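Some structures are shown below for you to check.
Below, subunit A partners subunit B and then partners subunit C, in two separate complexes.
Here is the complex of A and B:
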């Protein structure tokens, strides 16, 4: 009885402002299930300032960016997947690839919707393919990995734009080609480091090829991008 | 449930039996809906749902019993707020579970991806062998040839062709109004694969050929391997004569393979002729179409044939080396001269 009351004291500590008319004896099993503790936390995250929530999410996204840039065999990307990072990267890439007026003669430039659709539709196809080949990874985990591995290509896009500021001759083309090729192979390597583990060992090539094609198409879109003069 | 034998049933379950409330069908129209709900479902889905609901109710009541003791006192201490919080959470939980159950039922019924799983059961060396075999026509046409029914290879080939087409459209500066490059490329490739497969399957059904839809899809998909190779080479090296040679050789080989497989599975001269003639025509013409429609060299030819004074090909595709351009110019000039001399 005594230890039951002792363990119950911290639980009632926050209720000191509520007046209790009589001393109600505490009886029974005081083992608090973990659920109610978490529900207390849920209520408290609702009360925290918005800045904290945003910063927490941004920090999670940033951590995953680091995991992509230095692909080691960690399961952090898979365990707590989120789609914020892919959305950010996709929108950034699509905005940067757009850069032209609607009725210009150079209609061959990809529009925002095109890039967006390619990235998400392509990711869905690759995910379905890897699931059909007998993968153990879930749908959204795969989307998360593929989206996050677009980061090197986005960096390459930024570099290409900067290089294009200095003119669009042969030298700039060669530089851009090298940068895009390097980042595209980095993307493919990073995503296969996460995806291929979930496949049976002799079928890795079957999963890698669509990923290679996907990043190749995106890389080629970046390479052939030329800003309107 | 003991609805029908209620009058003679004298069971006394602890929860009280249905006897007093169920009407025996002796002319009275009063039905107690409260008990009808429990006995209404006898179909498979309802039984399954009932079973699941009973299982979940057990869990919920167990959880509620476990937490009730602790939260009973909380309710008293915290006033109404504690009780409402608990109730609200339970209701939300209940709604979530019901929704999840419905969604997973619908999903398992309609969007079951496992239907396609056996068609993707391939090894990399199998895919590689089939790719190579798609260019080798078989010799034995008296014996039905085996066609593998898989969808991985064809799908990857279609997507590769989409990528190659995009590349070709971009380097030739194709302008697409009322649409996007990507949409056009995907539409063309998938439309060809699915559309022509269905059409040839329909013809095969008419001509009594022994081939299933899956096999037709697979056959035509692998036949696109030749197309991919030809397009990849000729979108980068702009020799017209090279294209024609490759069209005949590689396109011809892959068409011959498909045609041979179909012949081996059809009986009778006329059906064979119809089926294989259609397939050969469509397959070869598609390659021709892909080369010319998405690679704007044809503009130069038309300009040249109009009159001898108009210089050939003013509009140059991007990144085309000068040498290849001059070679093409020479070819077209000679063709124009030949036509003019006739």
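Here is the complex of A and C:
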């Protein structure tokens, strides 16, 4: 019997040590604010000019862009997630990949809807995958990170279009290949820098691989884009 | 006398290993203790596998998939694998060993859905990418051809591969369960295990598909045959113990159906996406096996 109690001791050891001593101040005031939000007590955002509202959101999005371009292990992307940036990037990328012209004789190139669906559906599947594998990141945080890390690929798309204006020979193909490869690895590296901490350590490779596949597919679509004129 | 009374009395067994010396010299049986302690360590519901003999603990824990299927935790148990486990399973499906049954050695009682899903996804994109590259290379010299990336290949490949990996295991599982009612065999597989085997057996096709970029017909057929042999043998070795006790005609029928479906998938993918003799890409989707049709038309002339 003694051994059984002894084995249960480590579970509750120290419980009896918790006591509220007098030198910990326990005080405060409880006041219920009447009808206003906690974060802006003195000013509500309803009265400010629209320009300020839009600029504040744009500045937040822009700050996250900077975080993606110089990926350090910061939690800014995760803390205040928003989906404006991913939406902006996804629409830009899909519009540019679509070609924009109406001549579609045997157009096998991806339509706007296909690119859009691939990006969002792919992000959702990768998020589900990481949550099923035991990740601690929330659903929208992961969508936010994956969407923001498309930024290098969008930049590569712009560069590719500019390069294609000069001609579509072998040199331009090699340049485009280098640019797309660099941006695809940058995207993967940036997103793993943000996502890797939330996974159990023996499953990191399992979570990183779908991200790699996702950006590879997007990079492939960018690389094989050919203008239609 | 007091000693024998002590032996006859019921004694509590301790939770931890190695504390049995406190029993004052009684000869206690300690074979069960390591297993019992490991069971009790796993009892709180976690499924950590830090040791290498993790499959032993899984066999003994006996409480897998206890959550109902409409909760998220049920699906989390289907993804309960580590990176090295997935790597081992893929290697085991590529290199079949004559004695090792894939389900017994690698899956034990822990089938996962991570492997089949992502292997099929990789295969779909590998087929689409390689198909586009190969058609680009074939038409590279022709003056009137302008390369257009063919995106419909992705949807076609996805439909074909995911339905193969989902419907064929369903049919096979249904058939095996139906036969099991009449003839009880020692080995019966659950649906998830069959899905797992089929999913991992498709992993050999990924390097084969990448090899198909090279537009040499001999190399393509060679790689198909090698891939078919390897993955087909994994499938046959897995399912042979389950149907061994059945009538020989049914045995042969099942085995040959498995092999024929596998062959159809490989040859169909190659024919639809990688024809070497296509002349007009817009007409190519409607005609599989264009190689044979062109050779037939040239013969009839």
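By definition in this document, the second predicted complex is superposed on the first by the 182 of 229 C-alpha atoms of A that agree within 3 Å, B and C clash if a C-alpha of one lies under 4 Å from a C-alpha of the other, contacts with A are read in each partner's own complex, and residues count from 1 in each chain.
Keep this in mind: contacts are C-beta pairs under 8 Å (C-beta built on N, C-alpha and C of every residue); 3 or more make two chains touch, one makes a residue touch a chain.
Please read all numbers here as calculations on a predicted model, not as lab measurements.
K.L.:
Should A:80 be classified as contacting the first partner (subunit B), the second (subunit C), both, or neither?
P.N.:
neither
K.L.:
Quick check on the superposed pair: does A:52 touch subunit B, subunit C, both, or neither? Answer first, second, both or neither.
P.N.:
Touch status of A:52: no partner.
K.L.:
With the two structures laid over each other on chain A, which partner does A:117 touch: subunit B (first), subunit C (second), both, or neither?
P.N.:
first
K.L.:
A:210 in the overlay: touching subunit B, subunit C, both, or neither? Say first, second, both or neither.
P.N.:
Touch status of A:210: both partners.
K.L.:
With both structures fitted on chain A, tell me whether subunit B or subunit C touches more of subunit A's residues.
P.N.:
Counting residues of subunit A touched by each partner, the higher count goes to B.
K.L.:
Between subunit B (first) and subunit C (second), which does A:225 come into contact with in this model arrangement: first, second, both, or neither?
P.N.:
Second partner only, subunit C.
K.L.:
May I ask you to decide whether A:28 touches subunit B, subunit C, both, or neither, giving the answer as first, second, both or neither?
P.N.:
first
K.L.:
Would you please give the residues of subunit A that touch subunit B in one complex and also touch subunit C in the other complex?
P.N.:
107-108, 110-111, 114, 129, 132-134, 202-203, 205-206, 209-210, 213, 216-217, 220, 224
K.L.:
Under the definition above, what is the set of subunit A residues touching subunit C in their complex?
P.N.:
Contact set of subunit A toward subunit C: 1, 3-4, 7, 106-111, 114, 129, 132-134, 202-206, 209-210, 213, 216-217, 220-221, 224-226.
K.L.:
Which residues of subunit C touch subunit A in their complex?
P.N.:
Interface residues on the subunit C side: 12, 14-16, 19, 22, 75-76, 78-79, 81-84, 86, 114, 118, 121-122, 125, 129, 132, 146-152, 281-282.
K.L.:
Please give the residue numbers of subunit A that touch subunit B in the complex, ascending.
P.N.:
12, 15, 18, 20, 24, 26, 28-30, 32-33, 35-36, 39, 105, 107-108, 110-111, 113-114, 117-118, 125, 128-129, 131-134, 202-203, 205-206, 209-210, 213, 216-217, 220, 224
K.L.:
Can you list the subunit B residues touching subunit A in their complex?
P.N.:
63, 66-67, 69-71, 73, 76-79, 89, 113, 116-117, 119-124, 127, 152, 155-156, 159-160, 163, 166-167, 169-170, 173-177, 180-183
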